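Below is one structure, written out as C-alpha cells; the observations come after it.
Chain IDs A, B, C and D follow the sequence of writing; residue 1 opens each chain.
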Amino acid sequence: MLKVAIVGGSGYTGLELLRLLARHPEVRVTAITSRRYEGREVTEVFPSLQPYRGLAFTAPEPAALAGQAEFFFTAVPHQAAMKVVPGLLAAGGRVVDLSADFRLRDRQTYEAWYQAHEAPELLDEAVYGLPEVYGPRIAAARLVANPGCYPTSALLPLVPLLREGLVAPEGLVIDSKSGASGAGRGASLATAFCEVNEAFRAYKVGEHRHTPEIEQELSAAAGRPVVVNFTPHLVPVSRGIFTTIYADLARPGTGTAEILACLEAFHRPHPFVTVLPEGTLPNVLHVRGGNACHIGARVDPRTGRVILLSVIDNLVKGAAGQAIQNLNLMAGLDPASGLDITGLCP
Amino acid sequence: MLKVAIVGGSGYTGLELLRLLARHPEVRVTAITSRRYEGREVTEVFPSLQPYRGLAFTAPEPAALAGQAEFFFTAVPHQAAMKVVPGLLAAGGRVVDLSADFRLRDRQTYEAWYQAHEAPELLDEAVYGLPEVYGPRIAAARLVANPGCYPTSALLPLVPLLREGLVAPEGLVIDSKSGASGAGRGASLATAFCEVNEAFRAYKVGEHRHTPEIEQELSAAAGRPVVVNFTPHLVPVSRGIFTTIYADLARPGTGTAEILACLEAFHRPHPFVTVLPEGTLPNVLHVRGGNACHIGARVDPRTGRVILLSVIDNLVKGAAGQAIQNLNLMAGLDPASGLDITGLCP
Amino acid sequence: MLKVAIVGGSGYTGLELLRLLARHPEVRVTAITSRRYEGREVTEVFPSLQPYRGLAFTAPEPAALAGQAEFFFTAVPHQAAMKVVPGLLAAGGRVVDLSADFRLRDRQTYEAWYQAHEAPELLDEAVYGLPEVYGPRIAAARLVANPGCYPTSALLPLVPLLREGLVAPEGLVIDSKSGASGAGRGASLATAFCEVNEAFRAYKVGEHRHTPEIEQELSAAAGRPVVVNFTPHLVPVSRGIFTTIYADLARPGTGTAEILACLEAFHRPHPFVTVLPEGTLPNVLHVRGGNACHIGARVDPRTGRVILLSVIDNLVKGAAGQAIQNLNLMAGLDPASGLDITGLCP
Amino acid sequence: MLKVAIVGGSGYTGLELLRLLARHPEVRVTAITSRRYEGREVTEVFPSLQPYRGLAFTAPEPAALAGQAEFFFTAVPHQAAMKVVPGLLAAGGRVVDLSADFRLRDRQTYEAWYQAHEAPELLDEAVYGLPEVYGPRIAAARLVANPGCYPTSALLPLVPLLREGLVAPEGLVIDSKSGASGAGRGASLATAFCEVNEAFRAYKVGEHRHTPEIEQELSAAAGRPVVVNFTPHLVPVSRGIFTTIYADLARPGTGTAEILACLEAFHRPHPFVTVLPEGTLPNVLHVRGGNACHIGARVDPRTGRVILLSVIDNLVKGAAGQAIQNLNLMAGLDPASGLDITGLCP
C-alpha cells in the first residue's frame, strides 16, 4: 500500500480526493491537513465520507509531513503551493500539485498572469500532468503539475487535431461553461445559491488565468505560438465543464468523419477518453462523478469550421481524478486503479 | 380597450402572454384557444393566473375568431401558423405571429430549412418584429413576424456594430445558451427534469433553424451576405438566453469603449435595451420575467476580437413580451405599456 | 404620491421592495439606506432594477431620515430594528418593520427566544401585520410588525379553522419547506450554491424563532394556549415556502368539503388568498414573484386528521409584498395597489 | 462470478443497477431486457455506462431468460412483475423484484391499493427485502421483494423505536420529500424540467401506495396495527429522499440521547446505516449516489414528541443498491460487495 498525504484538504478537491481514494486498492491516506479544521474529524466536516471515521485533519507541519507519506497531493492555492512543494521534494517525497504554480514552463508568463515565482528552479523539472499527452514523462517525474480543469477540457480534443494539422492554429475560439464547484468551497456572495441558481453569466472575459496554460500546450501541439479567445461561463450545476471549440479547418473539404477518426486514433489507448460517434453530442451529466472525458465533433461546411465539444467533471478529470491518474502512473500502477467509476446519471 | 385574442394558448408562450396582458391597461383578452384544453378554465390549467378566473379555453374556430378581436397573437407551431394567419388578415384582423412562418423574406430559404410554404404571398408584406430595428414599419404593419428568441439575443448587439462597420461580417461565432422553456411546454424524455437538471449540452450544432433568420438580419445590417456559426446549448434554468458572440474587429485598434459607445448610441432610444458599463457583464438572472435585454462587450486586443454578451428572457423579450411590444407599436400605444416589469431576482 | 423610505435596503427584502414599488402608482421611494453600499447606485448593486437609475444608497442617518418620508420600511435585522424604529415614530413617521422585534406581544417570550428588548414600550402598540386577520387595526397603526414568512404560511390556513373550532388546537404539526432566499443575501458556506443545490435538509428543529410567533397567533385564534411542532427545511429553490400542516379534526366526521368551505368563507374577501378546489394541491411555482397565498386541504378519514397545504413566495407575501399590503392599508389605498402581479411560472 | 440478468432495464433503476454492478467483483451481467430498446447498445441509451460497451438490450423472452442467469433483478412495473416472476422461479432462478407486487403479505390489502393479484401463492414465500430487519430470511429466500423508497426511509428510524417501545404507535406523521427520479424515466408534463424546477408540491396526499407497506412493517415492529399519515412531496433534485417523522414519546421524559442510543444499538451492525450524533442533522446531499442511510433525531420536550429525520438516495438504498445488498445476502457474499461507494458531494 502506498502511503499518501493530502496537503490542504478542506476544499472540494480534498473532499473529492478522499472520496476517490476510499476505493483505491493500493493507497492508504495517512494524513490530511487543514489549518481551518485542525483536530476535527473528517466525517464531521464532510458527512458523506463515513468510511474515514477516525481520521482527523492535522495542521500542515512541513517537518512532520515528510515522514508521513511517500506521495503528496498538494491542494493549496497557487502561491501557497510554491512554498510547500520544495520541502516535500527535498525530503524525498513525490508530489502531484493541484495548483497552478508549476504548470507554466515559462517563468515570465507565470509572473505576468500570477505573481513572482519563489521556486522557479522547479519549473523545468515539473511535468504537465495530462496523462494522454505526457504519460511516460509523468511516470518518471518527482513533481507533476496537475492541469487546470478548463485546459483539460480544451486540450483533449484540440491537441490531436493540431498535431495532425487538421485544424488551423489561428483564430481558435474556446467557449467554456463550468459548474459552480469550480469556484471552490468558500463563502462568497457571488457563489451563493440565490446568485447562481437560475443564473448564467460569463466572467473574466479575456483575462482568465487558464488562458496561458491552454496556449502553452496548444503551441506545443501546433509547433508554433497559438493565441486563443477563451471565455469561461458559470452554469447552475454543481459539477461539470462543457467546452465548445470553434476551429478553422486546415483543409476546406475535411469532413466530420475525418476529424473523429483522428481523435479516435489518438485517444484509443486512453482509458478515460471516449470519442462519441458521429451524430452524438456530449453532456456533462454523462460524466458526473467519474474520470471520463467525452468528445464530440461536427464540421460545418458552410463556414469551413469544425465545432468540437468536450465534457469532463471539473472535480474529477479536471482535478482529483486526474491527480490520482497521475499518481498511478508515477507509482507504476494500473492507470485506472481506484478510478473505475461511471458517471452518476441522473 | 383593445380586444385581443390568443390563438394557440396552451403552451408557455400563451401562459406568458396572459401573465403580461393581465396588467396591460389598454388590452382586454377576449379569447384564448386550445384544442387540447377546450372548455377548461385557464386557472385550472395555469393556477398562477388567478386574475383570469372565468376565462376558458375555446376551440380555434377561424370563422368565430375573426369577430372576437382586432388583434391576434398566433402562438401555434410553424406550418400551423401559415394556415390560420391568412384568414385572420382577410377578416380585417392584425396579427403578431410568434411562429417562424413569416420571419424569412426569402421563400427558398424558408423551404430549405423548414418545408413548403402555403402562404408565400404574405412573405413580402410581413414585417420582422424586432422593434429596435423595424419600429416604424411595425407600426404600420398588418402582419408582424415576431423574431425567434436566439435571433433577438444575437441581433441586438450585432446589428449596430455591423451597420457602423466596427466589426467584420466574416467569421462570426454565435454561441448561445438557453433555458429549458425554449423547448416548449410538452412531455418528452429530452426535457424531463432528471435529464436537464445538472446537465449541460449542445444541440442541433450547425443545423438550428434560427440560423437563416440570424443571417438574414445580419446580412441586411452589413449590406452583404453574412454566414455564421451558431451553436445553441441547453442550460438547466427555466428561463433565459445568454449569447456569447466572437467578432473580428474591422479595424485592429478599436477599444471596448468605442464598441460600447456605438451600442449605446444605437440603443439609447430603446426602452428595453441596457448597454452595461465597461467592466460589467450581463446575467440572465437580471432579466428574468422582464422584457429587458442587457448587453456587455469587451475587446480582446491579443486576438483582435470583440466578445459581445447579451441576455434576455426567452419567454419575454424572446417571445411574449416582444409580441406585446409589437402590439403596442401597431396600436399606437406607449411601447412599454403593460411591460413595466423588472426582472425577478433572485 | 406617498414618500416612502427603505431603511436597510441591501438585502433581498430591500431588492424586493424596490422591485414591487417600481410599479406602485401611489408611492415614490425617496431614500434607501445601506451602510455597506453607501454612495453606490442601486442599479450597480442590483442590475435588475434599471428603472431606479439615478437612485443611490445613503448611510442611515436617523435625523435625516425622518424628513425624507412619511412611511418607512425598516428591513434591518432584529435587535437593530428596535434601535431605529422609536426615532422614526417620534419624528412623526409611520413604520412597517420587517424584523421580528415587534411581532411578539409578550416581552418575556421575546426575551426568551431573542435577547433583551430595548423598546418594550412599543410592544403593546405594534400591530401584527397579517392583513387577513388584523386589517382594521393595521389601517390605524403607527407601527406594524410585518409577520415572519413561515408564520404567514401557517396562519392563513390555520386561523380560520381554529376560530371555527373545526380542528383541535392540540398536537399540531407544522412541517415547512423554504427556498434559500429565506436565509438572506449574504456570504456563508451553508448557503453556497454547491451546499444547497441537490441538497435537502431540516434545520433548527424544535428551536426556530418563528415558533413563538406562530403559537401567539394560533393561541389568539383558538382562545387558549397552543403549542406546536414546527420544523423548517431548506429546499433548493430561490423562492417559496410550502407548509404542510397535520391537525386533528375536532369532530371525527368532518370532511374535506367542510374544511374548504370554512377556509373559503374566511378568505373570500381577501384579494391575495386563493382556496383551491377539492383535489387540487398548491405548488410554490404558482405563486413565485406574486403576493398570492394558495391553500389546499384534504381530510384523511383513516387517521381523523386534516392535512393543510399552503404556499407563498417568502420574499413577497412572506416579506416585501405583505409589507406593501400593510402600507396600502395604513395609507388608505386599495390593498392591492402595486401588487397586481401574477406568479412567474415557469 | 454470479450470472445476473436485469429484466426491464430501460428505466433509472436499470441504469442504476448497471452503474453499481459495473464495479461488483463477484457479478457478471449476462442480459438486460427492454422491449423499447431491443437491439440497441446500452451505451447508446445510457452514455454514462461506457464500461458496458458491447452489451445490448434484448427482448424479454421468458424461456431464454431462465438459462441466462442464476439471479434476476425484475425492474418492471407492478402488475407486470407478477407475470414474469413465477416463470423465473419455476426455472430455478432466484429473484429480487423491485416492483410492489410481492411486498404486501396480505392479498386483500394489495388488492385494495393496487389491483387483482395473479400470483398470490407467492405472497407467503416472498421476503420483504429490508436487510436491516430481515437479513437471515433474505439470505435463504428464492424471492425477495425489494422495499419501496419511501418505506425504506421511514422504517429504518422507526422500527427500532417501536420495537423497544420508546415511541407510541399511534398518531405517527411521516412527511417525506423525494427527488424527481422517484417518478421514473419517462416523458410527462408533470415531470418536465420547467414544471419541477423552482417548484415544490405534495402529491397523492393520504392515498400514496407506499402507505400500506409502511403500515405493514410498522405494525410488525409494534406488535399491533399501526395507521399513519404519510405525505409525499416532490423536491427539485434528481435524487434523494428526506423523511421527517413526528412520533409521540411513549414515556414523557425520554431524551434525545436515549432515542439515539436505541437507534445506534440497533444499527451498529448495519454497514450502510449511520446514526448521526446529537446536534447533527442529515442532508440528502451526503448520501447521493451511495447506499447509505443517515438518521438524526431530536426530542422536543415542549410537545413530548421526537422528530426523526432520515435520508437515502431513492435510486440506491431506495432501489438498486438495496437490491444488490439483497443479492449479496442471497448469494452469501459480503453484504457491502460492490456497494463501497461514498456519496457524491457536491
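Here, a residue touches a chain if its C-beta (ideal position, glycine included) is under 8 Å from a C-beta of that chain, and two chains touch if they have at least 3 such contacts.
Chain identities (UniProt): A, B, C, D = N-acetyl-gamma-glutamyl-phosphate reductase.
Since the model is a prediction, treat every value here as computed from it, not as a measurement.
Common neighbours of chain C and chain D, by the contact definition above: A, B. Distance from chain A peaks, on a Cα-centroid basis, for C.
A separation of 36 Å divides the Cα centre of chain B from that of chain C.
Remark: chain B and chain D have CA centroids separated by 46 Å (rounded to whole angstrom).
Taking the mean of the C-alpha atoms as each chain's centre, chain A and chain B sit 39 Å apart.
In chain A, 12, 181, 194-195, 197-198, 236-239, 282-283, 285, 288, 346 are the positions where the chain touches two or more neighbouring chains simultaneously.
Residues 12, 180-181, 185-189, 191-198, 236-238 of chain A are the ones that touch chain C when the two sit in their complex.
Looking at the complex, you find that chain D touches chain C at residues 171, 173, 175, 177, 194-195, 197-203, 205-206, 227-229, 231, 233, 235-240, 242, 244, 246, 281-285, 288, 298-300, 302-303, 305, 307, 309, 311, 346. Against chain A, the residues of chain D that register as touching in their complex are 12, 15, 19, 22-23, 44, 46-51, 181, 198, 238-239, 274, 276, 280, 282-283, 285-290, 292, 294, 340-346.
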